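Both of the next two complexes hold subunit A, though its partner changes from subunit B to subunit C.
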Partner chain A sequence: MSHILLSQVSKSFKGATIFENVNFAVEKGKIYGIIGPNGSGKSVLFKLICGFMFPDHGSVIVDGEELGANKRFPSNFGIIIDRPGYIAGKTGFDNLKALALIRNKINDDKIKQTMRMVGLNPESTQKVKHYSLGMKQKLAIAQAIMEDQQTLILDEPFNALDADSVETIRHLLRKFREEGRTILLTSHNQEDIDVLCDEVYRINRFKLEKVKG
Partner chain B sequence: MTRTVKNKWKDFVNELLTFKWILFGAVIYIYGLRAKEHMYVASFQTKLLLNKWDLLHSFFGNIYLILYFILPVFLYRSISIIISDFDYTVLIRFGSYRSWVYATLVRFIQSLSISMIVWGAVSGVLSIGAPSFAGWSPFSKLDGSLSETQILQKFIDSPFLALLLHFALLILSVSCIHLILAIIYVKWKKRGIIVFTAILIWVYGGVSFKLLPHHSLFNLCNYLILHSGAVQFGNIWGSFTMVTGLMILLIWMVNRLDLNMKGYSWRYVVFIALIVMALWSGMREKAGETIWDQFLFMFIGGSNQAFYFKSFLCYWVLYFGFIYWVQLYLQKELSEMGYYKLLRYQSITRWFWRWYHKIMLYIGLYLFALALLALFISSLKRFSFDFYVSIDRSVTLLEVFYHFFVNGYLQISFYVLFVFLISWLSKETFYSLVGLAILSFFMLPGLNNWGIVPSGLNSMAYLFADYSVYRISIVLSLWNVLEIVFLLYVFHKQDLDF
Partner chain C sequence: MLGHQVKVEFIRVFTWRQCMVWAALVLVLPAIQFMLIKDHYLYYRQLDLFLRLNSNFVPLLFPIIMVLVYAISFPSEQKNHFIPYVRIRIPLTTYFFSKLIVNAILSFLLAFLIVFVPFVFSMYIEPYLGIVRLYPTDGNPIPYTTFEQLLALGTLPYGILYSLWVGLNGMMYATMGLLLVMILEKPFVGFSIPFVYYLLGNFITQVFGYDQFSPTYTIFPFSIQQQPLWTVFVPFIVLCFVVILLIFYLKERLHKHHD
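Entry: the complex of A and B
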């Protein structure tokens, strides 16, 4: 059984078609790359998979359950979609803590460990409003992985990162794959896609076209 | 666990000491001083002693304070919580919109409890010096309505219980308002819409308090303030029953937020339900004999000589409700608009006429459907089918039909063009709703004495006013022509930018 299954999915926005009868199956333990020009629907695809949007036709099934039938958002997903809305007047740690308290599954040490993993200093008193773009991006990655989420949906995770940080995150993602986690990502940098992804799909003419794997 | 509790307590204290709550307390203090003075004057005049309960009930149950200060503060907190908490990273952790809505409700109630603490502390300070607590005071036992306690002591034995019940009602009601705003935000995800709704609720509270009779079911005060509700229902449970009923309905709606209802739009159902409610509540069973009398009452609206708030609300639902749908349709059309489309139409004017042609058809169909529904509803109440208007024999059925269909058509057409014009010029359809709200103010008494402002001129109330229905047609036709001329001018003068 596929971990994520899109069956005959169609979606249009204000009259403009984004997807038409798309079929897409995601297996566990692989990294999937989604590529396509700006506005082709990469973020829309991720929002459909996460249940933030419903398809006009067709269904999105995660672990055998159709989104919108009994459950809305899939469990154990870590996501970066659009820019997360941080509390600007709080530190990075406080922001992650506020998110972690929703499920209350992890303690402060785990948050700090994750921050270090992505290259942030958890003891820093710097408020998020003073963070650089790259630091905000690292914080976004940290919130997506800190609760050991088994499926990661990452829209442009390498945006604004310097070369060293890109390498760190790539290494981290490879490690997650080895642990059996599933990752879907988009990137405008072809190299990220080439070195990381087991399967690559391009959005072309409202469909997902397999280009690698 | 202890650390979490400690952190939460620390956050709570930090929040309590923020400037906004200190300001909140200061406003209540200033207002409380005046209320205290007023109470002492009343006690002196009646020569009856009051006690601390009279003052506390006065501070906590003051209609003006709640309506014009507490309610907007709560609405602001509700909106800020909803907007700040709506984020994909937060939503995915909650797992559903339902859990998210309830989480925002918990945060809202936490915020309420802070305000209650501040409110309570200030009230405690203000009641220093008053005779101590000892049940209802001699002043409150006076058979009058000079104070909150004089009303409440007729229904409840204990002033403490009365205060608790008042808080319970207030919290329950504002929680309902929060749920309404949260549901709206989940459905539309637009800040403008919940801000507009919140303003509407606040304005409605003030208007219903000022214009509706105190015993009216539609008076918002009856659901925010216990003594006001007790007067309306003749007991303390009526308000609770109504608010609890609304809460159950809202919970039912929240529980359905996460379902994918393909091909089903609950907005249509809500709109149709609102139309039926508006028509039904417009009937006056004790007046009139025929279905045509009821037809007049259902669409009575308001004129410069006759104004009823309930009729005004019904007019809003029936006509501005329709304009809301037109606006949605327009929004879709404008969002799809582009150079490629215009090239095919060859001119903007041609595109506009094609669009407007459809709208004209819809207006006719809508009026026809409304008329049929109104007659059907009044027939259920077994009114006579005889072809005359019994409440005013000078009004003929021809005039009724003419006014409803022709002037109704011209008036709706004016609203449509008005909405189009604002949307086109501002590129923001939300402003057209604000424009309509402003326009509807001219339906209030004294603001349209000459009947030349095109707002609510299709109200049936004009049949009983000093205006000829044919004069109204001329006025509305002129306005329509003026709008079209202005639109064509705008089309030719303005650059197109999509």
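Entry: the complex of A and C
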């Protein structure tokens, strides 16, 4: 059984077609790359998989359950969609703590450990509004992985990161794959896709075309 | 799940900064008011001091003060795309309703205390301090105000019941503000509408000669002669109706709005 299955999915906005009868199956423990020009629907695809929006036709099934039928959101997903999200007037740690409290699965040490893992200082009193773009991106990655989410949906996770940080995050993602986690990512940098992804799909003419794997 | 999230919201809101804001609203505002009025009015009863303490900043700015209690922190979550990252962890309805519940509880408590603390000070502490001098009535009529009917139950029950009434109204205005910000996603507009509603309500009732139903006078009835108690429920019911409508609208629109 596929971990994530899109079956005959169609989606349009105000008459503009984004997807038409898309079929897409995701197996556990692999890294999938989604490529396509700006506005081709990469974020929409991720939002459909996360249950943030529903297809006009077809179904999105996660672990055998159709989103929208009995299940609104898949559990245990870590996401970055569109851009990093944060409360500007709080520190990075406080932002992650606010999110972690919701599920109450991890303690402060785990949050701090995750921050260090992505290259942020958990003890810093710097408010996120004073963070650089790269630091905000690292914070977004931290929230996506801190609760050991088993499926990561990462829209442009390498945006604004310096070369060292890109290498750190690539290393992390490879490690997660080895642990059996599933990762879907987009990147405008072909190298990220080439070095990380087991399978690559291009969005072309409202469909997903397999280009690697 | 809702219960846990309400607990989480309480944990998040109790910061030093927020406690300072609350302390300022409950203690500093009445203290300033007391300093301004203590020597400039004639007081026949201790109760007159309490009435005067509640007749300046608080009645004028009541809806604004109420959104400062908690709702004011919400726009920072909307502004920087924080909510999608919440949404993957908890249903949006649960998250928003937990915020509405916490906002309602805190605004109720703060509005209650904003009135009850000055009440305790005026009726039980100030007489020992003797800062304010009471004058004999010398035959002057005492201007009894609405809610003083409750004095028949005793001084403390009057103070508690009246403070509860202000608490309820504060809760409704704060809820209205937070709901509007959740719906409109424009903090300035959302937080202004309860204030405009309050002012407009006062204006319209005064223009048509129905002062006894004005939002201000039914919460802080100290500048109007005593009215039957039922009159205060008229604008309150209208306010409740508006808030209920907004809750239904939010519930209906929540997912469409964030998809």
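What we mean here is this: the second predicted complex is superposed on the first by the 212 of 213 C-alpha atoms of A that agree within 3 Å, B and C clash if a C-alpha of one lies under 4 Å from a C-alpha of the other, contacts with A are read in each partner's own complex, and residues count from 1 in each chain.
Please note the rule applied: a contact is a pair of C-beta atoms (placed from the backbone, for glycine too) under 8 Å apart; a residue touches a chain by one contact, two chains touch by 3 or more.
Keep in mind that what you see is a predicted model, and the values were worked out from it rather than measured.
Student: In the superposed model built on subunit A, check whether subunit B and subunit C fit or clash.
Tutor: In the arrangement built by aligning on subunit A, the partners subunit C and subunit B clash.
Student: Is A:D82 contacted by the first partner subunit B, the second partner subunit C, both or neither?
Tutor: A:D82 sits against subunit B and subunit C alike.
Student: For A:A25, is the partner it touches subunit B (first), subunit C (second), both, or none of the two (neither)?
Tutor: neither
Student: Between subunit B (first) and subunit C (second), which does A:L133 come into contact with in this model arrangement: first, second, both, or neither?
Tutor: A:L133 contacts neither subunit B nor subunit C.
Student: Which of the two partners, first being subunit B and second being subunit C, lies in contact with A:K14: first, second, both, or neither?
Tutor: So A:K14 only meets subunit B here.
Student: First (subunit B), second (subunit C), both or neither: which does A:Q143 touch?
Tutor: Touch partners of A:Q143: subunit B and subunit C.
Student: Can A:G68 be said to touch subunit B (first), subunit C (second), both, or neither?
Tutor: first
Student: Out of 19-27, 235-243, 271-279 or 415-423, where does subunit B run into subunit C after the fit?
Tutor: Only one listed stretch clashes with subunit C, namely 19-27.
Student: Can you pull the subunit A residues that subunit B and subunit C both touch?
Tutor: 50, 52, 54, 72-73, 77-79, 81-82, 84-85, 87, 99, 101-104, 140, 143.
Student: Quick check: in the complex, which residue numbers of subunit B touch subunit A?
Tutor: Touching subunit A: residues 4, 84, 86-98, 103, 257-260, 262, 332, 335-336 of subunit B.
Student: Quick check: in the complex, which residue numbers of subunit A touch subunit C?
Tutor: It is residues 47, 50, 52-54, 72-73, 77-79, 81-89, 95, 98-99, 101-104, 140, 143 of subunit A that touch subunit C.
Student: Which residues of subunit A touch subunit B in the complex?
Tutor: 14-16, 50, 52, 54, 56-57, 67-69, 71-73, 75, 77-82, 84-85, 87, 99, 101-104, 140, 143-144
Student: Spell out the part of subunit C that touches subunit A in their complex, as residue ranges.
Tutor: 4-5, 8, 11-12, 76-77, 79-91, 95, 258-259
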